[in-house]
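Note that the chains take the letters A, B, C and D in the order they are written out, and that residue 1 is the start of every chain.
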Amino acid sequence: MSDRWKILLLLAPAMLIIGVLFFGALATGLVRSFNYMPVLGLTEPSLEAYAAVFSSPAFGRSLLLSLHIALTSTLLSALIALWAAVLLRQSFPGRRIATFLFQLNLTVPHIVGAIGILYLFSQSGAFARLAHATSLIARPAEFPALVFDPYAIGIILQYVWKEVPFIGLILLANMQAIGDDYESAARSMGASRWQAFRHVLLPMLMPGLLSASILVFAFAFGAYEIPAILGASFPQALPVLAYKSFTDVDLAARPEAMAMAMVIAGISAVMILAYLRLTRRGAR
Amino acid sequence: MRSLRLLSGAVLITWLVLPLIPLAIWSFARGWRFPDLLPRDWTLAAWSYALSGTSGVLASLGLTLGIAAAATAASIVIGVPAGRALGLYRFRGKTLVQLMILAPAIVPGIASVLGLHGLFLALGLTNTVTGVILVHLIPTLPYMILVMAGVFANFDTRIEDQARSLGASPVQVFRYVTLPAILPGIIVGGLFAFLISWSQYILTLVIGGGRVTTLPLLLFTFATSGRNDVTGAIGMIYILPGILILALTARRITGRSGAIAGVGRA
Amino acid sequence: MTEVSLTKLTKTYPGAPRPAVDRLTLPLTCGKLTALLGPSGCGKTTVMRMIAGLLQPSSGDISFDGRSILGERPEDRRAVMVFQNHMLFPFMTVAENIGFGLKMRHLPAAEIATRVDEMLERVRLPGMGARRPAALSGGQQQRVALARALILQPKVLLLDEPLSNLDAHLRLEMRDLIRGLQQDMAITTLLVTHDQEEAVVLADHVALMLNGQLRQTGAAQSFYRRPADAEVAHFFGGRNFIAGQSRGGVFTSALGALRLPDGAPEGPGLLTFRPEAVEIGAEPENSLTATLTDCQFLGSEIRLLLQSGGLALEALTRPRDAEGLAPGKEIAITLPRETLWVIPKTPG
Amino acid sequence: MTTRSFGLLAAMLALAPMAHADTADGDALLSMSWDQIVAEARGGTVNWFMWGGADNINRYVSEDIGGRLRSEYGITLNRVGISDTVEAVNIVLGEKEAGVTDKGSVDMIWINGENFFTMKQAGLAFCGYTGLLPNNALVNWENPAIANDFGVPVDGCEVPWSTAQFAFAHDSAVMPEPPRSIPDLIAWVKANPGQFTYPAPPDFNGSAFVRHVFYHAAGGAENLLGPFDKARYDAAAAKTWAILNEIEPFLWREGQTYPTSITQLNELYANGEVGLTFNYGAAEFGVAVQNGIFPETTRSFGLTDGTIANTNYTIVPFNSPNKAAALVLQNLLLSGEAQYTKARPEIWGADPAIEIDRTTPEIQAQFAAIETHPAAVPAAELAKAALPELQADWIAAIEKGWIENVGQ
């Protein structure tokens, strides 16, 4: 068997699943977003759904909110993960517990984390009760609005909680592969602890950090259940808005849902290209 | 310096477990209103409901485990060969193939599942367990393939030639030489696949149509209906298998294989 | 130029049964190259890391020009280490690598550039500044690593097995380069190596470490001629050890009575001599007969395994001297007085 | 490991439900006698899609109804819990779109209002069979509140299950005298900043609250009955948005955000963040007190100018493959025993959709002996001032208008 056939056979099942299911789904969505749904008597492709979506102020706000959620969560998660990974590389009492919890967190589904954050940070949640017990507040309303809030603080807190361990574990594994000799070399050449980190370790961690961050960004941008549990009534995160339109009993809203799905896919496509660029550069 | 590190560690540990604590307390609470720091009445009612047949939690646990196990197994069976092709060979269009495989890991479920619903409907796969398993492959396969491609990139095929020259059949070569060599990667990739399927919400909701009631769907229903006690109990039941699996595979994740680093590098 | 001294330097790793470095006292002479020689795992690299400040000693002291530097941070010590696998930063160009230390000291970019170019000349890599380390050969990478350290004009240069990853011919070239640069710049240097030849050729002084302890220091020759103990002798290729008694310049053993050089230790001990010291043929002094049991051709030398007085002996000789020899033959050999040494039997 | 998992995969695939189109043919059923239908139904399964967020309702349906269905008819009840009824409607809709006419996955839905309107409009319901159910005799189809679901004629497309009337709840220990009419409520909101809010429509209960204000703005429900009328809508809507925007700064979080669900409002009330909550069905308040969620001193009331009442139903989709079994289940749900059990406050507290005086004397006596939970205002009390529901297109317009004029 020639290599060509071998490669083809090896790849065939995976490409079949991804090609038919995933790209087939995207194509179906794309066709429907152009108002082409013969079953419903829609046979004239048009850009109506896109026009409706882009002219709706709710969509604009949702898009901005989702971008804000994804960007803020990713930045915070990456920074804290970097800090935590550096911390976990050093020895201190409780390091093993912290490392274990890091891994444990990886197994906790997002939806559980979202509910936990809700019980912690709502205005009548655990922190509000602590604030009451310490006489900082008298009524729940005096506690800052951290969930169901227009700035999506609760949603971001949940992502930070979940994604810090994800990025952190990737960083720890990368650090293990890099070893400490590069930093030692830098230190012996006169770099301070901070300089060795800043000029040597960080650049070496960067490809891993960036590609992990892109995965996080894409997830935070496109997840449904977390903003559905922790989000405010308005504006809603883009996936929530899209799903609402999809399940709207008015079938005319479906092409709009598909159009929103396509916008999400389009932004993700940009992410994929960024990911490839970054991992390519890292590989060199 | 050292005390700062200690403090940072304490903050980190606290932050990591914090959200799970009120969830656990709620599961034993009978009402827990502001401003009580702890519930006044403790009860096992939520647990007894969650563990009763009516709630369907245990059946759902079994179903969720089954779906995740099946999606993981299918990801392994499909992902290992693809990872081998990508890790070992250079060929024309490889970049495109990589791009296609990477895409489902990054494009959120909501973007593809709405279109997928129409497709599955036409195939009669909506509202079926089979359909849900299939749709879970979309996000699990890329991780499996990326991890395996990394493993195979460091795999020397001469070891297989050596085994063949010592008289092993292709099946024996796979069983006794290749499989042990790539097993750490399979475990890590499989763990990823399992966890992704295990926590999947929107794909199951849309394709399962409510008929395939996995734990996240059940949890969502209770969380959005104000039964914090039942939510707490289901939440606790939901995170248990993950912890067990972690306990079995923890060393592989951060161990020497470093396969998790591959997700970052891919 | 800096005089470095290590005093009773000890390092015990947590959980280790015995110290990795045990009460090491060693002066590194100003501007000279000292080789710390020993098999892998003997604690050499630990010593180096302690001098660089990358490890804290468990006890003992390190001082530069008489002043303890234990409290100083690695970046302030100017004790620059060149790592065995060179540890060039892969994402930086060659010039960026060489200029790294200067950049850390916030020198102006123009000055860094000038000095980097100058350094590239010195390590014979002119015009290679813009390349990435991965585009260089192993020898070139090693030279960049050396340049990266030397540009800082370190108080002490720490070389960790600098030649071990190189091919044989590159090794000679690098050896000369290191020796030349070190002497030129007169930098106090500590070379860590497991290769006795490297140590002997490069170093002004050699210190031999075994199992964390310093066993012998001095000029290279003394290790061959007057090993402090059997382990040292063995490390340096000694193969012949004969138990006996030294009294009044004569060593009595199963080989009979042999005359010793002046100053040989008295009392019970081990007679040792190097295989290449054995001469074929009889002389008036220190001759004996031996049976040839095996004869191995090694190219430029012939290895002879001999039996005498019930003891196995080993000799190395030039092929010309071994003509006509065959196993089973009885021959006369001579152990010249100056080549013999006695290792006193340590009490207990 | 791989082989074992493979076996599991195979097992899972085998587990996938295979739909049998045994009683999918509705026309055939319509020509059968009840006994024949029961015989057809035996051994079948009913996939009943219903909101699954209340353990007491889940328990009643799965254990009580499910148990009787199995023991008396040999039918398996598969309660499918969903978080929003629209999910089930969507499945049927999607199936119709894809041409699935006899292998549908939904056999029955707990439904009313807009969702019923959608199903009827789109031809998604199996209709014209209600007369076949023996217990249909207990239903008073003469009652317009039963014969019309949110103003839409039922036309034999669904079977009533329960009736419910909107009610408000307050903590009598904190606020002994709550506002009892819409004008009073508006005045109270302004006098007590941050003490009131309502879930953002299209939440079912939030939308119902907005309709109460809408009725008030329109000068009474009488002006709004019948098909959608743009002019009447515009007049009332403008006033409604003015009122709601006027009170907005005095709402919880100054009206910058609204709860997204009735659950969130209940949570706010439970923790004393707001002074009032409300619900379609006062029984829920009793259940919440029993579960320790609401304070013991919770009491409920209707408005003097009336609260909206509705009926909820069960519907069988046109493409259900298990219609016979679904009909048997509907008949069982209508029975006096089932309706009585459901009405018991410790079980659920849902008001019956049947005429109690048409049931047996034993059942009547049992109904008479029901003591409502102190937190739940008795249905009879509420029924003194009941308002009708509007037709679905009115509701859709109000919800859309609220989002555009108040919510954003």
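Please note the rule applied: a residue touches a chain if its C-beta (ideal position, glycine included) is under 8 Å from a C-beta of that chain, and two chains touch if they have at least 3 such contacts.
Treat the numbers as computed from the prediction; the structure is a model and nothing was measured.
The interface with the greater number of C-beta contacts, when B-D is set against A-D, is B-D. With every chain reduced to the mean of its CA atoms, the largest distance from chain A is reached by C. Averaging C-alpha coordinates per chain places the centre of chain A 36 Å away from that of chain D. Mean C-alpha position of chain B lies 55 Å from that of chain C.
Between chain C and chain D, the centres computed from C-alpha atoms are 89 Å apart.
Taken residue by residue, chain D touches two or more other chains at 87, 97-98, 267, 270-273, whereas all remaining positions touch fewer.
Listed for chain B are residues 33-34, 77, 118, 220, 224, each touching two or more other chains. Residue positions of chain C with contacts to 2 or more other chains are absent.
Every pair of chains in contact is given here: A-B, A-C, A-D, B-D. Residues 37, 39-40, 57-58, 61, 122-124, 139-141, 145, 148-150, 231-234, 246-251 of chain A are the ones touching chain D in the complex. Contacts from chain B toward chain A in the complex involve residues 2, 5-6, 8-10, 12-13, 15-23, 26, 33-37, 77-79, 81-82, 84-86, 89, 91, 97-116, 118-119, 134-135, 137-138, 141-142, 145, 195, 198-199, 201-202, 206, 216, 219-220, 223-224, 228, 231, 235, 238-239, 242-243, 245-246, 250, 253-254, 256, 258-261, 263-266. Residues 29-34, 41, 49, 53-56, 66-67, 69-70, 72-74, 76-77, 117-118, 121-122, 124, 126-131, 133, 205, 209-211, 213, 217-218, 220-222, 224-227, 229-230 of chain B are the ones that touch chain D when the two sit in their complex. Against chain A, in their complex, chain D makes its touches with residues 84, 86-87, 89-90, 93, 97-99, 114-115, 118, 122, 194, 199-200, 252-253, 256-260, 264, 267-268, 270-273, 396, 403, 407-408.
Put simply, chain A touches chain C in their complex at residues 181-182, 184-193, 195, 199-200, 203-204.
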